[in-house]
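Same chain, two partners: subunit A is paired with subunit B first, then with subunit C.
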Partner chain A sequence: MSVSIPAPRSQRIDPKYKRGPKSHGSFEKLAWLFMRLSGVVLIVLIFGHLFTNLMVGEGISGISFGFVAGKWAALVWRVWDLVLLWLAMLHGANGVRTIINDYAEKHATRAWLKGILYVATIFIIVLGSLVIFTFDPCVTGSELAQCL
Partner chain B sequence: MSKTSSGTLYRGHEGMWSWVGHRVTGVAIFLYLLVHVLDTAMVRVDANAYNAIISTYQTPWMAFGEVGLVAAILFHAFNGVRLILVDFWKQGTKYQRQMLWGVLIVWVIVLAAFTIRHLSIALGGH
Partner chain C sequence: MSTELPEPASKIELKPGVGGGGEIPSFDITLRVRRFLPEATADAYWEDFKLTMYGTDRVLDALHKVKWEHDGSLSFRRSCAHGVCGSDAMRINGRNRLACKTLLKDLDTSKPITVEAIKGLPLEKDLIVDMEPFFQSYREIMPFLISKGHEPTKERYQSAEDHAKFDDTTKCILCAACTSSCPVFWTDGQYFGPAAIVNAHRFIFDSRDDAGDMRLEILNDKEGVWRCRTTFNCSEACPRGIQVTKAIAEVKQAILARTV
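The block that comes next holds the complex of A and B.
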């Protein structure tokens, strides 16, 4: 037995059921979506990073200043590492933020832990970006042929 | 919410343990990432200082640490794909348990391949 319910004729929607243009939940929804989108991109970026640094050639034994300089001579690896840095830090920071929200019960503890997290995250992102943008193959101690 | 709540969908089974594993590996990877950016930043300071720091990663004991790190990354990556399927695929919640076994099988295979290659380089004596 089925019951048919006619469509509401009144166009009025009670204001309490309306979602405001800036609802409180939109940030959390965007953060949730970001974790999934950045996660997919990070799989490609990190697998590529691990493969080129650890699996081919001499692997970890071949990593040195010269190896990094050789890689960053190509723009594609600078962009690769920059995007990897930003996405991994933001993905990780948001994950730790979620964990702090779950386990730190006192408001002050939560605020402190998240404050430390945000400062550390911004510091690492800025530092890492500067290192990539200002990389100098002829820095102090470099023995690359073009620097001697 | 009460800490002693019970009877939720995942509690105590594969779903809960994969969630625990995802959190633990996520935090471990994040902590390593902080250190990794700091050690790589040495390329901007002094080439010899960078080489000295990198050489601490090139020891037999650290080779096992690197296998542990990659084990964490691979689990987090494959279980992350499962998580996305649970969220976006219609049948995702129905097959979440089977997908975890799929994750573990792929994880063992890829980790075994990585471990053989990495340890033969790191312990092989170049």
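The block that comes next holds the complex of A and C.
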């Protein structure tokens, strides 16, 4: 039984470890910075959102279509919710992107997972923004004051 | 002709049990080594060795005992055996340690002590891995002084305050305990790894060096400092006690401060 084992080597690297060409631009740096800044802003936005929806007035039992309609009658809450939607989605999507980068071992797996992630993220951001911008409280049979 | 020497004049009679270190306590251990013999088997396997060791022995002494008295085919790297050369980094009870700095008495000797090669680098034999990818990353960050301007006639002066900025990262012995404890490096081996960043830090924050910007640019890569997830495995693994994660954070801040 004799198996030939390659001679000790230097300057020879398993292809798995060969790093691709240097990345241009500073996307990873900006993404890193965005995570920290959006995180700080999200703390304010999320707890503000939770407080006004669940603590003020009737609390959780007061949440209804009418409650949302009343809230979005004020521009400040539309802007609040829009910023919350965008930051939360981008923050979350970038977090999942780094998790995929860290855990997917094959290029194909990585590309597929990230593709699904990007499609889902864009879909939710577009859908959410559309709702905020085109929201009309006066659905048929509405009993809200401004619709009568 | 008698060869007996006279008693030295300095000899002091001690009562029995007084002075000396007393007998060094001995104990039995099971050393569970992850073996990989590419010429014999395709897969790695665990092998147990029952040894009687002493309170002053380290894991490296146990490995020596196996190699010299039980199984000469056991392969591992070691050179100075005193925690300076950085040859014998290995996973001991699941943590990256230098075998020459880990005393057996500090481990739980009631259970088998597991010893395996460091993770994330190609396994060559038993506890020996191919260190080439590790050193390639090290070379890429240019670990040498690059100085513009005139060469001074004497030494290059530096204040104690300026030196303190990078003193911690000069302690690296390139044992790879940090890089091979990093879960991001385990994934695909593309990440530069803590050791390369620590050695870049050593020159980036050196007031005598003029190529800090070049090194920051090299590490401002998708496989550079931004892949660090601050899991602190590297700081925990470093046998020299370098605050590795802190050094990586300082390099991140230096990149941001220069080029936001």
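The rule is simple: the second predicted complex is superposed on the first by the 120 of 148 C-alpha atoms of A that agree within 3 Å, B and C clash if a C-alpha of one lies under 4 Å from a C-alpha of the other, contacts with A are read in each partner's own complex, and residues count from 1 in each chain.
Heads up, the rule we're going with is that a residue touches a chain if its C-beta (ideal position, glycine included) is under 8 Å from a C-beta of that chain, and two chains touch if they have at least 3 such contacts.
Given the structure is predicted, the values throughout are model-derived calculations rather than measurements.
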Superposed model, subunit A: greater residue contact from subunit B or subunit C: B
First, second, both or neither for A:Tyr17, with subunit B first and subunit C second: second
Which superposed partner A:Val3 touches (first subunit B, second subunit C, both, neither): second
Touched partner set for A:Tyr103, first subunit B, second subunit C, both or neither: second
First (subunit B), second (subunit C), both or neither touched by A:Ser26: second
Overlap of the subunit B and subunit C footprints on subunit A, listed as residue numbers: none
For the subunit B and subunit A complex, residues of the former touching the latter: 23, 26-27, 29-30, 33-34, 37-38, 40-41, 43-51, 54, 57-58, 63, 66, 70, 73, 77, 80-81, 83-84, 87-88, 114, 117-118, 121-122, 126
Touching residues on subunit C, where the partner in the complex is subunit A: 38-39, 122, 130, 132-133, 136, 183-184, 187-190, 218, 220-224, 226-227, 229, 252, 255-256, 259-260
Residues on subunit A engaged by subunit B in the complex (per definition of touch): 36, 39-40, 42-43, 46-47, 50, 54-55, 58-61, 63-65, 68-69, 85, 88-89, 92-93, 95-96, 99, 120, 124, 127-128, 130-131, 134-136, 139-143
Residues on subunit A engaged by subunit C in the complex (per definition of touch): 1-3, 5, 9-14, 16-17, 19-20, 22-23, 26-29, 31-33, 98, 101-105
